[in-house]
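Here come two complexes built around subunit A, the first alongside subunit B, the second alongside subunit C.
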Partner chain A sequence: MNERDLLDRVTRVPGVRGVLLVAAADGLVVAEQLMDGVDGRAAAALAGSLVGRLTRTAEQAGHQRPTFVHLRAEAGSVLAAPGPDDLVLVAVIAPDANVGLARLEMIDAAGRLG
Partner chain B sequence: MSEDIRALTARLADEPSSLAFLELAEALRRRGQLDAACKVARGGVSRYPGLADAHDLLARILSDLGDLAGAFDAWSAALQFDPMRAAALKGVGFLYFRAGDVVAALDHLQRAAQADPDDPSIPLAIERVRAEVRQHGAPRANGTPAPAPARPPATPFEGIEGGDQGFLLVDGNGLRLSGSLHVSSGEDAGDRVAAQLAGVSREAARATRILGLGPWHSIAVESADGHLFLAAPTADTVLLTARDHSLPLARVGLLAERASRAARAWLEGMG
Partner chain C sequence: MRALEPWVVEPLQAFLSESSARLTLLMTSSGQVVAQHGFSRSLDVMTAAALGAGIVASTEELARLMGSPRFGALVHHGVGQSCMLGAFPTPRGRWIGLVVFGPETSVGIVQLFFDQMVEQLALAAPREQAPPPMLAENFESELDASLKALFGR
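And now, the complex of A and B:
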């Protein structure tokens, strides 16, 4: 399954507004499928940086590397599933999105990366 | 057996991996066949552990069966996968009210009202809780009035599961205000983690603002061996709740909400 197919699977989940594959170290977009109005480059840079910081926080707290991150905000959420080779799958979702399905698809897709 | 249940049972037998279990369990529940409904719903939950609908359905069946602790766990699991699921928020709010925690009950009901403003039963439930409190005071689980606090708490987390351990309240400069976080070696890693958290809060705020998502509410971080849950009790503070993997993330979220309210009250009490 190629990157495009993996992104397709996540995009099909109701309420998902965009999905990106991001190189966490530099926050650059590797692949993306976005609805209008979602700033992919900003999402990539911000999510990559946040996941990096949360990874360091988890390690300092004695935990292993995160497998999934859910940043919930007033008007939607950012989901992130770190994969191998420093890649992170990131999704921007609406407040009424099916977070459970998106989570499952993202963890599965992130596991198939690399 | 009614025709619809027969048809749904046959469909599920033909396609065990389908979502027909949702309709079948609901049909059985409506007919009062609660044990059968529960069995079907549990099968669905084990097949689709990440599906909020399955947990929500199981919670309603367990509630009908009088297994309130089980219903609480199932609704908590539904909220893990769909934090703004009105039915689950309403269910948890009801259970908190039954347990005598009016603050948590109202908090959940108000979130349910935000999630589903068209559900007329939610404002009615909120009003009922408020009326009960006005008439009788906050209900207590054991039916006795609340004792007056003897002294101001030394930490915000007294009386909360886990006490001070596994909670970390941090100010905007990354300095610890309260709580402790011991790692497996026994060392308190609180100050090191606190230093990271100020940056996390700023980055989260920046990300959600730039993406047009408004202010951030929480960050849930899953790892193979444990969960972290971040909330902002006030604009200038961050609360980290850390638990090992034995506690489901949704339960960590509920614990974090309770700790966050306690931290807010404690900070207000500090002046």
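And now, the complex of A and C:
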């Protein structure tokens, strides 16, 4: 399964407005499938930074790196699933999205990266 | 952070807060420094400005030879720290930004907020005519005055 197929699987979940594959250390977009109005470059930079900081925080606290990050806001959520090779799968979802299904698809897709 | 023109301060301060850049230098395309953050010696500022302006001039000439538009930005990735060099238009002429950043931030974050700073500078710039180009006979005195303003001594 290539990167495009992995993004397709997550994009098909109801309420998902965009999915990106991000190089976490650089905060740059590797691949993306976004609806109009979603700023992929900003999402990649900020989500990459967030996941990097959370990973360092967890490691400093003696825990393993996070397997899934859910940042919930009033107008929707940002989901992130770290994968191998410093890649992170990021999804921008609407408030009424099926978060549970998106989470399952993202964790599965992130495991197939690399 | 010190700036020669007060309208530069707010956009630059926002960029520094958001990007976590270690060093930042804003200069004209001829290497005349407009603002700096993080440099402790005037010699370093002069050297960085001269080198930055020279690199941008070289890459723009390379782009012209290749028949392509100007490069947006040049990023040099290092182990301990990285450097981004980007030229951009302002109502006061073409300027160059030189940013040095470490692993506490990322090139994506730096580029994102650099672009926001460029937009804010364009909005904040006074609409009066840009100052005339510096003449050779005034160069040394102008440089001394700029460095005094940038380092407060």
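Side notes on the structure shown:
Everything below uses one rule, namely that the second predicted complex is superposed on the first by the 114 of 114 C-alpha atoms of A that agree within 3 Å, B and C clash if a C-alpha of one lies under 4 Å from a C-alpha of the other, contacts with A are read in each partner's own complex, and residues count from 1 in each chain.
Going forward, a residue touches a chain if its C-beta (ideal position, glycine included) is under 8 Å from a C-beta of that chain, and two chains touch if they have at least 3 such contacts.
Bear in mind that the values here come from a model prediction, so they are computed numbers and not experimental data.
Touch counts on subunit A: comparing subunit C and subunit B, the chain ahead is B. When the shared chain is aligned, no partner comes close enough to touch A:106: not subunit B, not subunit C.
After overlaying the two complexes on the shared chain, residue contacts for A:42 are found with subunit B and with subunit C alike.
By the touch criterion defined above, A:21 reaches neither subunit B nor subunit C. Within the superposed three-chain model, A:54 lies in touch with subunit B and out of touch with subunit C [touch as defined at top]. Shared-chain residue A:98: touches subunit B; no touch with subunit C.
Residues 42, 46, 49 of subunit A lie at the contact with subunit B in one complex and at the contact with subunit C in the other. Considering their complex, residues 103, 105-109, 111-112 of subunit C touch subunit A. If you check the complex, the residues on subunit B that touch subunit A are 50-52, 80-84, 181, 183-184, 189, 192-193, 196-197, 199-200, 203-204, 206-208, 210-226, 228, 240, 242. Within the complex formed with subunit C, the residues of subunit A that make contact are 22, 25-28, 41-42, 44-46, 48-49, 52.
On subunit A, the positions that touch subunit B within their shared complex are 37-39, 42-43, 46-47, 49-50, 53-54, 56-58, 60-78, 92, 95-96, 98-101, 103-104.
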